[in-house]
Amino acid sequence: MSVQAPHDDARTRATGRLESALRERRAAGRKLLVPYVTGGLGADWVDIVRALAAAGADGIEVGIPFSDPVMDGPVIQEASQRALAQGATPRSVLAGIASAEVDTPIAVMTYYNLIARAGDKRMAAELARAGVAAAILPDLPLEEARPWCAEADAAGVETVMLAAPTTPDERLARLAQRGRGFLYAVGLLGVTGERSQLAESALAIARRCKQVTDLPVLVGVGVSNASQARAICEVADGVVVGSALVRRILEGAGPDGAGEFIGELRQALDS
Amino acid sequence: MVAAPSPMGAPDASGRFGSFGGRFVPESLVPACMELETAFSEAWADAAFRARLASLLASYAGRPTPITECPRLSAELGVEVVLKREDLTHTGSHKINNVLGQALLAERMGKRRLIAETGAGQHGVATATAAAYFGMECAVFMGEVDVERQALNVFRMELLGATVYPVRSGSRTLKDAVNEALRDWVASVETTHYCIGSVMGPHPYPYLVRQLQRVVGDEAREQYRERSGGRDPDVIVACVGGGSNAAGTFAGFADTAARLVGVEAAGGSAVGHGVPGIVHGMRSLFLQDEEGQVLEAESISAGLDYPGIGPEHAHLAELGRATYEAVGDDEVLAAFQVLARTEGILPALEPAHALAWVIRAARDGTLAPGTKVLLTMSGRGDKDVAQVKEMLA
Amino acid sequence: MVAAPSPMGAPDASGRFGSFGGRFVPESLVPACMELETAFSEAWADAAFRARLASLLASYAGRPTPITECPRLSAELGVEVVLKREDLTHTGSHKINNVLGQALLAERMGKRRLIAETGAGQHGVATATAAAYFGMECAVFMGEVDVERQALNVFRMELLGATVYPVRSGSRTLKDAVNEALRDWVASVETTHYCIGSVMGPHPYPYLVRQLQRVVGDEAREQYRERSGGRDPDVIVACVGGGSNAAGTFAGFADTAARLVGVEAAGGSAVGHGVPGIVHGMRSLFLQDEEGQVLEAESISAGLDYPGIGPEHAHLAELGRATYEAVGDDEVLAAFQVLARTEGILPALEPAHALAWVIRAARDGTLAPGTKVLLTMSGRGDKDVAQVKEMLA
Amino acid sequence: MSVQAPHDDARTRATGRLESALRERRAAGRKLLVPYVTGGLGADWVDIVRALAAAGADGIEVGIPFSDPVMDGPVIQEASQRALAQGATPRSVLAGIASAEVDTPIAVMTYYNLIARAGDKRMAAELARAGVAAAILPDLPLEEARPWCAEADAAGVETVMLAAPTTPDERLARLAQRGRGFLYAVGLLGVTGERSQLAESALAIARRCKQVTDLPVLVGVGVSNASQARAICEVADGVVVGSALVRRILEGAGPDGAGEFIGELRQALDS
């Protein structure tokens, strides 16, 4: 058996910037909205980040594009490929984030190879230097996360853990324990992408997550529109919205269109 | 170079061979990988499972495959070459050993759908074959570029009842087919077994596939000893794409004094030009740029067109227990022709890499005259004849 | 129907099986045929020769080939089908059994050049393979029409070191390739062995080739008995072009109670539509017109595209010891697909004929439910995939 | 061993028309010339037969075209195919021979299947009825010839036997013994066709044949021109000339051209 004992416990936790912001807003009765955007996609992507902040995002997920994004569906694959073709690198994306100067806490979402290639310690430091609050690494599960987490913790970067519909209860608890920022509840079995129907699994996993943790629980993957977001927020603390936004950006929405879409979701969640 | 005791044992609890391996997969897949790990270790310890697999390999896949002496080639090279004939198995390569084992395992786990990635189509055809035999559903992911290049293999898989999905993302080749298979699996993991085609991917795959392929090495060792009055070969050579035929072969000889040589395509040499990275669920050596973006491999042989290598090979290379060599396309084409002419055997382009190294090493003295070489003929060349014809035209 | 004692013994002194066979060749070839007859009977009685052949078949060609049960096909048909897997041999069909034996015999006779006729190329590739292995010169005669249709097999033979001669006379197909090979032999008989590809031609070929192919039947019988507690199958089925795989299979079961069924292509059904004649050195059944001009056979399967049949089959048909059935192209295509889908085996189009008959016979009740059928899978379908793809498009 | 005892002996022999003619001429010191022509080849083939007779042929070989002529090279193959395409059948060729009304004895050359298909007895009778003197059947060797020979003998059709360079001496004697008309010495190992050089084997086989038999010995296969014919006739009693003539006919020589060519050979042999 390769399952390791949880390598962290609540006593050593320092609450980071993202988690604090989310907890605070949740406490204020607000439903949390974290849009995802691919870093380096188009010349105006930093403006889009700013527009998302202005539209009421509670946190912003910025993807650092990777050549082999296995957790992503066609839309984000396309966005990653375009961004890479346009010359995006981890460094350029971090520089963009730094230049955005938004108050909204930013989490980078990327794949672990880009971190491993630079080195855990160095990349943690670079994230911190760019003002990144947190990191979401969908191919770095609990058992493999320790070396990175040690460096990230030390650098003050929150590592968001993901929970899936297939995660057993016992493991869910350990994920929540190790998680920082929020607990990312993967809403369905599948990769990122819009779905016309809200998956039943989204509510189920949200419920299960809420039972084991006090961390903010946000559901992502497959959350495509306002009504789905509202339905989920009956149970969860908030949602991550990726493909639905990125598709609009790929279609040329620009900062205005992106801000408008997130503004609508914001309104739906607030009403 | 002193071989560590049993350098090809089981990986550690985290699925690592030395510092390589592990299980870097989305959370959705972690329980499935654990389930597979448990199922495999139970099955492997279960005499009934092993017997059923052995019987399937014998009566369906045509095992044991013989070892074949190469009198005319040996005379030409001055070293004594013996081939382990995986080209004689059903579907024409060692891939069948792996897929039959995994299909049997899937059945045991109650999964009735198989998915697989494929490059040129060998592993896809093998998986579709196993699925047909077991009456399972089968989906094969194949880069769009490969779908076009290998239309006949696509048709073969369809005849076998599989659905082939052209993969349009990334470089639209094998690497992207793996990504797409993983994406399917993320969505289908409750009903589906991902039948990985080489000693790669998240734990337990590298170990599982090596154990399923070690029949190649175990048979060869016994056959070679029987033929040679108990002697082992001096050198064991096999081509390395992901590394399953090499790992299976090496496993049979790791505890002997034989030198182990893996041969990569010069344009896909993960040991030669790769650096450690985490891709496709494992920590291993990969061709990648400064930032960590994975590069495409380039080879005439679709089966070696993979930018990484199985983690156990990275470990064996680090230990020095095996060495890894790279050969270029021209040497491979020449080796292909030499074997056809001298022994009447058309090798697949993949094992022609292994032979190309033997030819070079025999000529430049790396292999002393009379050296006894065992080479795994991992597949037959029929699939490559059209391509070779074009290249020689 | 009562089987005569040993209905598949040796032919009489004139090379006849009943009234069929003989040696109708130009005077120039008569001494060579006699020499071959003597050489074969001496070699066959020589334990060292037999041992060398057996070792070659084992270590080079991959014998024994397994028998494979077909659970899903059997369930679908209601009869129990077991395959004898000649498709797993080196070069992919039973043809290799024959050519290795003849090459060994040629070597024994001091002949260093092999010639062969070929239709689609299977026997040509097999002969070129044996010639490469033995380091012999090799010339293959192939109808111009077939050369065009089978460019890859031509290239294969060339890779193996053979020279392929396109035959431009007559219908420019297999029948004419045999003529041309005979013409070469008339000129080269002192240095050359004509490696005939089936149980046809002048005495001793039909007998010689059957003896070289009986390893198929002998192995199958032993394997079947071992698997079935000593029982023999109820029905033995094999496709018939010239008839070598069928003869080799039947030979193993001729003295059992098993029903023997040869399956011809409807468009090349020498038993069904042929009449006695003398062509290609033998008296047998041939498709011919009122005057005695030989007609062309028509089949989707190049290996069955022969207007005659081996003389021993003509004899078995006359005796009633074996029956011969004919199936049409559509049934064959359907059978090809059924086996791929149910068992993961792509049959060559030739043995797909045998299967097509089994399917028909199981459906129309000719084979009672539960009948135990042994079918010789004489070759693999890889060679036919492109053609099937076109036909199904 | 499948070699049969010779199934004939000299006492029962009746000398036929062809053999008588050839013996007679040989006795007169003449070298024998037997041209070959494919029956049914062109509308004027019967005229060609007449022209050959007129040009001094001592016998004429008429081929009955067969679909699979294994003893024939490209020229005669081509001639056979053309004749078949033009509708030639055994019956039509025999009718043509009958209609030719030449005194020169005619031998048909064909393959045994055309005889077997009709039946030995019936075909022997048809040959006799058409006025054919002899039959040359290159794929009917000694061991297989008995049934046909019995019928042919009975019908008065002479069966010409062929001897090859590979025929051992002992067998040569038996061939000669069974042979009627003449002994056909195959001049080389190979099929019919012109050769630029006279094969050494032609003289050798002629010599060997002469040693075992009193039958006229004619060398055929590979005799292509006057000088070759003369050289052979130093040893043999005569020659059969096939492809060299048929090529000319295929090239459009017609009765005149054919007669002219045979006339030249006649002259060369007589001078």
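The letters A, B, C and D name the chains in turn, as written, and every chain counts its residues from 1.
What we mean here is this: contacts are C-beta pairs under 8 Å (C-beta built on N, C-alpha and C of every residue); 3 or more make two chains touch, one makes a residue touch a chain.
If you're wondering where the values come from, they're calculated on a predicted model, not measured in any experiment.
Distance between chain A and chain B, defined via averaged C-alpha coordinates, is recorded as 37 Å. Chain A and chain C have Cα centroids separated by 66 Å.
Separating the CA-averaged centres of chain A and chain D is a span of 97 Å.
Judged by the touch criterion defined above, the protein chains link up one after another in an open path, with no loop closing it. Which chains touch which is summed up as A-B, B-C, C-D. The residues of chain A lying in touch with chain B in their complex are 1-4, 66-74, 77-78, 81, 84, 89-91, 111-118, 138-144, 161-168, 171, 175, 186, 188-191. Here chain C touches chain D in the complex through residues 13-15, 22-32, 34, 37-38, 169-170, 175-176, 179, 182-183, 186-190, 203, 275-281, 283, 286, 288, 290-294, going by the rule given at the top.
Residue ranges of chain C in contact with chain B, taken from their complex: 58-60, 62, 65-69, 72, 85, 87-90, 92, 128-133, 135, 151-152, 155-156, 159-161, 336-337, 340-346, 382-383, 385-386, 388-389.
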